[in-house]
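Both complexes shown next keep subunit A, but they swap its partner, so subunit B is in the first and subunit C is in the second.
And then the complex of A and B:
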């Protein structure tokens, strides 16, 4: 982006006079027809600064040009919900959770920056999503993260995994936000392309929701937060919108460094400005920095805006206009305030130690004019950048190997038969990288800061109290399964949704809203585009069936190394509401003597399972059946039984099936279990099938009848499996008995990369 | 004996929160007029005898990969002859 002489700034006047000057649009990632359209919009060639702005705003990351024709389904198929206060389109959706409180939550990817510089990439990923939540007017109250790394034994995985985990911990812990759950998954498909999906949730009074629209001629534009430096220039367009190759070293200057202490001050400052009703419109500065914030606020308000770029406080005085506009320096916000409030806003910012600078004003008309020492360097219709970017109906094709992979059923693989073989399989799985204890990761996160965490990892869902008087709370779970989605992207997205929904229900909360982070390969690959379309359809259909709307999310394309894309990985977050967190269902096994009950139906489903992968490195066949009616029925039983305090323990069944659920449930509170598998059933399938819509619950004798009735009402299959025991062992009648110490030591195995 | 000094600094375009925190604290300590602070780190590597070309290459490689995070830091390497140590050689 250093075309032209440093001394001559390319102004609008100059651009009108030198219409024929050649411009490096192709190097900036713009297609021929896109460049021609810019000419058409402006009626002249763009200035160097304008060209840089169009290049970044029309990049895949900002414009969603390959995905938006498909993402419309989330709106079109959305179930009616009167709890939805703000839907898709704003920075994050807002949900009315009752009691005068609103909750906003969203998940976003920071995959590519985290591969280049794991610590800072992950840290700024957390910082970015926290600002999205703040922008809606909410106080951020918790974070979660879904992380995917390459094979644990591969040489680079330690660098990537440890850096990313430390970055998530470093930023979140410094902000004082509890990290209440998430995922850590190892799979070779993420070797050159880890996934870092960060989720944040915030709470506000219903009447404090903020909007991004810049309105009111004469209102002032205030830049809040850190000074602007050369960090991350072109980060969005360079890092997130093109595939990785061996040249990543050349892209290194795009990395941003975060400062959580500045972010903390920015949060408190903005919350005070919201509380005092001093803000007309607000937008965080993330990808594409000031370019994105000025164009989106102006476009949303259908307003004109004038920005005096030389007023922006800089870390390096020599920065050029296009660099200032493209900088992705962290910890910055753009606020629109009334002129009469400006002095108060500046003094409040000063009290919080936050830089605040008046950099422009709202004007009549619909032009965004940016001047540099009095000369216009940008004069554009803001909507042409923010809303009217290109949209492509990319070609789609079902992957050539799709049918062959689906025919390769895991059911025909050699499986354990004898009691010893089953016992060894259970232990091997419990010690495997994706099923072993997440403690080496989660113990680096502050899970209880703030004193409102009711449940956090290793519980199935995070549960947070949001009102100390009423004990009202919210539950959150985030899940994905790239293997299922590789076998069937439509079902894979639905299985991720089903699991997150089920996890929220295990806390006793009622699921009400969905966010998603869709991680895929290159949209220019028709097979990837087909996977994407399938996953979006699956998710949209699933949300309609379950009656919970998608409130927002994020698409990350170009997750591939060379020509090889990652497994399609839709990561789904579900939010639930708990009327009273003191009635949450405890995790793990209940009290000695309580019955252990399996809810739901077990089918012969091991394709795509953790067992097929660990025992045979096999990925083939058809993933488990999706049954949303069964999921909804199970959730209804759990919420009703939770509210009636019938249950003393719970654990959902997912990766690793019943075997892994028993291991985790026993170890949660170190309780023993005596289990009799259903007579005549195939012990292997009972233990290792990954059928969905199932959960393990513990119920005291005096509540068994009530639970049975609830299950009968909802037509949820009820199978009494056994009893919680005082003995420190997991006993499977007629099969094997395992000492809890032996289980614990297998489960405590640390994946190679994290040692 | 030869001492090799490697000075590592955050790249000029990279934010340095530590240096910034120090700069912000200075006025409260009565130190005025400091416009900016950048914080780096210094490594001293002591080599027996005279530094050979092969050793220098090794150290440069280590400096570029281990001592420095090349994504966000630059380094400068320089060689100091130690005038305190009894090398026995004429100085």
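And then the complex of A and C:
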């Protein structure tokens, strides 16, 4: 890239002497004014290596330059929380869950690499989020995945979907992390841009939280894990920070290649280092690799750092300094250790079969100096890369079609009326790509490893025991709905939050914290930027109302094909605490003879629904009303009823409404149901509306009074719908009866792409 | 007296902690064994747990069989030490020639995790005395390479000698030869199976407690 021969390394000295040399900053994704600012910071032109470092660290992916002015709302509107031990800004937030334990969780996207190379893209997406959790000092204990693919019958969807699912499975299974839930959604808007959002959760003693700050002059910098290769160079600036064009196949070298076995050893090695208190500071190597890890640790510690780059173990000896610094080779961590502990650290790493190399030391002052065989190739203030990147207030504009789409109400669409029509609609929906069984996907995931999985898919939430003595546990749910967000990004983000919150409550756990992955189109499109701002506001306002803080998350921009962005897709993860997992509310229908009760209010709300999409390929109107007071009240009833062991079964109502909830509840443990819909109301509306803040519960006769009292206290509408039966059928009185085999066979339909 | 049951941790073992928990649930004393230590620490029985030892590089179990600890396991198994190989542990036992045959890629080519019905056949081994012949149990399985294969004479011999310990009941999850899920050596002290009994010791965290007798059986055998 320099004007001379590639063998000539561009040093700091050379850069000072050749101030006017033209540099390819535009090709590296830097704007004119950004390049000028680098000059100003350094007082000279950057070296080739420095230029590469600024280009990755100031990329959208690393610097959040378009989003950070909006993301501040999460902090500004955050409700007071005693439980929050580490908030946003570190690799992942940390929550005190009681009993001396802390939990850290986060969701992150790996969308673009997963389109280019589905298996490796998804696999390294899992690997990356797992290292974020490890970095906080926690043992990773479970993963979840929220996946979105194009139309199931489109030719390319099979390649993308099967590769991604196998990648999530391959990496997570090999790490020994149970996959306890997630989402799989098909929609044409994700055709050229699938979404792979991976969540990881970890647990640690509260006193073992690790920080990234590199402190203590003379302390040593240790690079742990895999050798550094040319894979993934420029991943963040090339793939994650620009829109796709026709040449994505040529970008395949930008996708990292994962080795879960190395990661497993790295995890065990790091946990032993934490346990023995040998680590002063630690940071994983993810996007922007060593560049990001060295600058962020030095900046966080307000320290200087010297790195001897030639000491980095390489897969390819010919790698140049800027390549070593930009490589996104997986399964690497950077640790800061005291000099007296270095020998022990190296021997422990060797015991685990993990490469460990002393590559530098903490220095006085606040300069990051990187040398290559003795010559300085980088000499920068680390904060200028890590914290002082550009921030833009991008223009925003309400989408031109916003009002027209909202006026296009799904309520006017022709509805099924007769019993036969309703029956057929129920079966069609149960067999449709977004509502049919997720088993072809989830049976590729190990949900048992670790021996602490109390609930996993297809339960509404995952529930894990984290303490075998006290039976304390945590629940997790992850939800998103791009169609709702397309109709109204503010409400769409809130509906995703409401659903994840509700799903956590159905396990009997109390929701306490939020993580989010915001998948949007190009921030340079004012209409996308408006959607983004609306979604962030909706989420921040919702979290304040529900009293649970956002603890961290991730923004993924440039999810679009050509000029067409995906539907805005905020994916929200909610964490809950269970004081006693043995009191979990069982999923699906309860015991024969138990009453089936609908909690919550049903309105005529079908705009943006699965019915509107499946029956009419319609997307228009206003999404369901968001009522956080009703959500909180419903959650309170569920957690109180769960703690008192009143309930024998539960299922939340969401996509597909009551009809789909009944199908899934019946099939969960193959129990029958006799249902009488409330008199007077339109049966279609009762069955297929997607009103929020609702759940189906099962309650034995002797607990009905108590449940009614709880609902009265919380003002949650209570409607007795029917009873669990021994007959293998779903009977809707005055409507139709379906035997469970028919239901099961419809629900077992495998989407075309997954066959 | 306390019976001590060792669980080997190889690099890449994943269900080692689960196996230790199952040993404890059976009221034996769990003892962690390290792959690189040529020392069994005087344990009365050994479990080779599930996982991806050495990343399953080369072939599942192919590298683990050469671990220093395995030399002792192989030696003492010949002298009657009860050894249970679960999933990856079964693969290691086959690679170590303590059991015949091999585990190949599932016929559908995908990893499969599901609650599996199994039928117990040989209940005279050190690890299955707590079951009744013909008993149907539900135990999870989770593997990508679990299709048991062996040549016909070997399969005939296994069946003739009653060394098929457990078979899949109903549809096969992986296309295993003759529906074989687990086998034993002639003496019955070495048993390998693909399903995971350690994930079925408590209905709270598994589909059943049907797997617990594997761990209590060896206790009865050793105390008797």
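The criterion applied here is as follows: the second predicted complex is superposed on the first by the 751 of 755 C-alpha atoms of A that agree within 3 Å, B and C clash if a C-alpha of one lies under 4 Å from a C-alpha of the other, contacts with A are read in each partner's own complex, and residues count from 1 in each chain.
Convention: contacts are C-beta pairs under 8 Å (C-beta built on N, C-alpha and C of every residue); 3 or more make two chains touch, one makes a residue touch a chain.
Treat the numbers as computed from the prediction; the structure is a model and nothing was measured.
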TODO: With everything superposed onto subunit A, say whether subunit B and subunit C fit together or clash.
DONE: fit
Open item on the list: One more residue to check, A:259. First (subunit B), second (subunit C), both or neither?
Closed with: both
TODO: Classify the contacts of A:708 with the two partner chains as first (subunit B alone), second (subunit C alone), both, or neither.
DONE: neither
TODO: Could you tell me if A:170 is touching subunit B, subunit C, both of them or neither one (first, second, both, neither)?
DONE: second
- [ ] Return the chain, subunit B or subunit C, that is in touch with more residues of subunit A.
- [x] C
Open item on the list: I'd like to know which partner A:603 touches here: subunit B for first, subunit C for second, both or neither.
Closed with: neither
Open item on the list: With both complexes superposed on chain A, which partner does A:215 reach: first (subunit B), second (subunit C), both or neither?
Closed with: neither
Open item on the list: For A:68, using the defined touch cut-off, is the partner it touches subunit B, subunit C, both, or neither? Pick first, second, both or neither.
Closed with: neither
TODO: Can you pull out the angle centred on subunit A between the C-alpha centres of subunit B and subunit C, to the nearest 10°?
DONE: 60
- [ ] Could you look at A:465 and tell me whether it touches subunit B, subunit C, both or neither (first, second, both, neither)?
- [x] second
Open item on the list: Going by the contact rule set out at the top, does A:367 touch subunit B (first), subunit C (second), both, or neither?
Closed with: neither
Open item on the list: Per the contact definition in the header, classify A:445: touching subunit B only (first), subunit C only (second), both, or neither.
Closed with: second
- [ ] Please state the minimum Cα-Cα separation between subunit B and subunit C in the superposed model, rounded to the nearest whole Å.
- [x] 5
Task: Interface residues of subunit A shared between complexes with subunit B and subunit C - done: 259, 261-262, 353
TODO: Spell out the part of subunit C that touches subunit A in their complex, as residue ranges.
DONE: 11-12, 14-15, 17-18, 21, 36, 50-52, 54-57, 110-114, 140, 142, 144, 196, 198-199, 204-206
Task: Complex contacts: residues of subunit A adjacent to subunit C - done: 166, 169-170, 173-176, 259-262, 264-265, 351-353, 442-454, 465, 468, 581-582
Open item on the list: Show me the residue ranges of subunit A that touch subunit B in the complex, using the header's touch definition.
Closed with: 116-117, 120, 226, 229-231, 249, 252-253, 255-259, 261-262, 315-316, 329-330, 353
Task: subunit A partner contacts - residues on subunit B that touch it in the complex - done: 10-17, 20-21, 24, 69-72
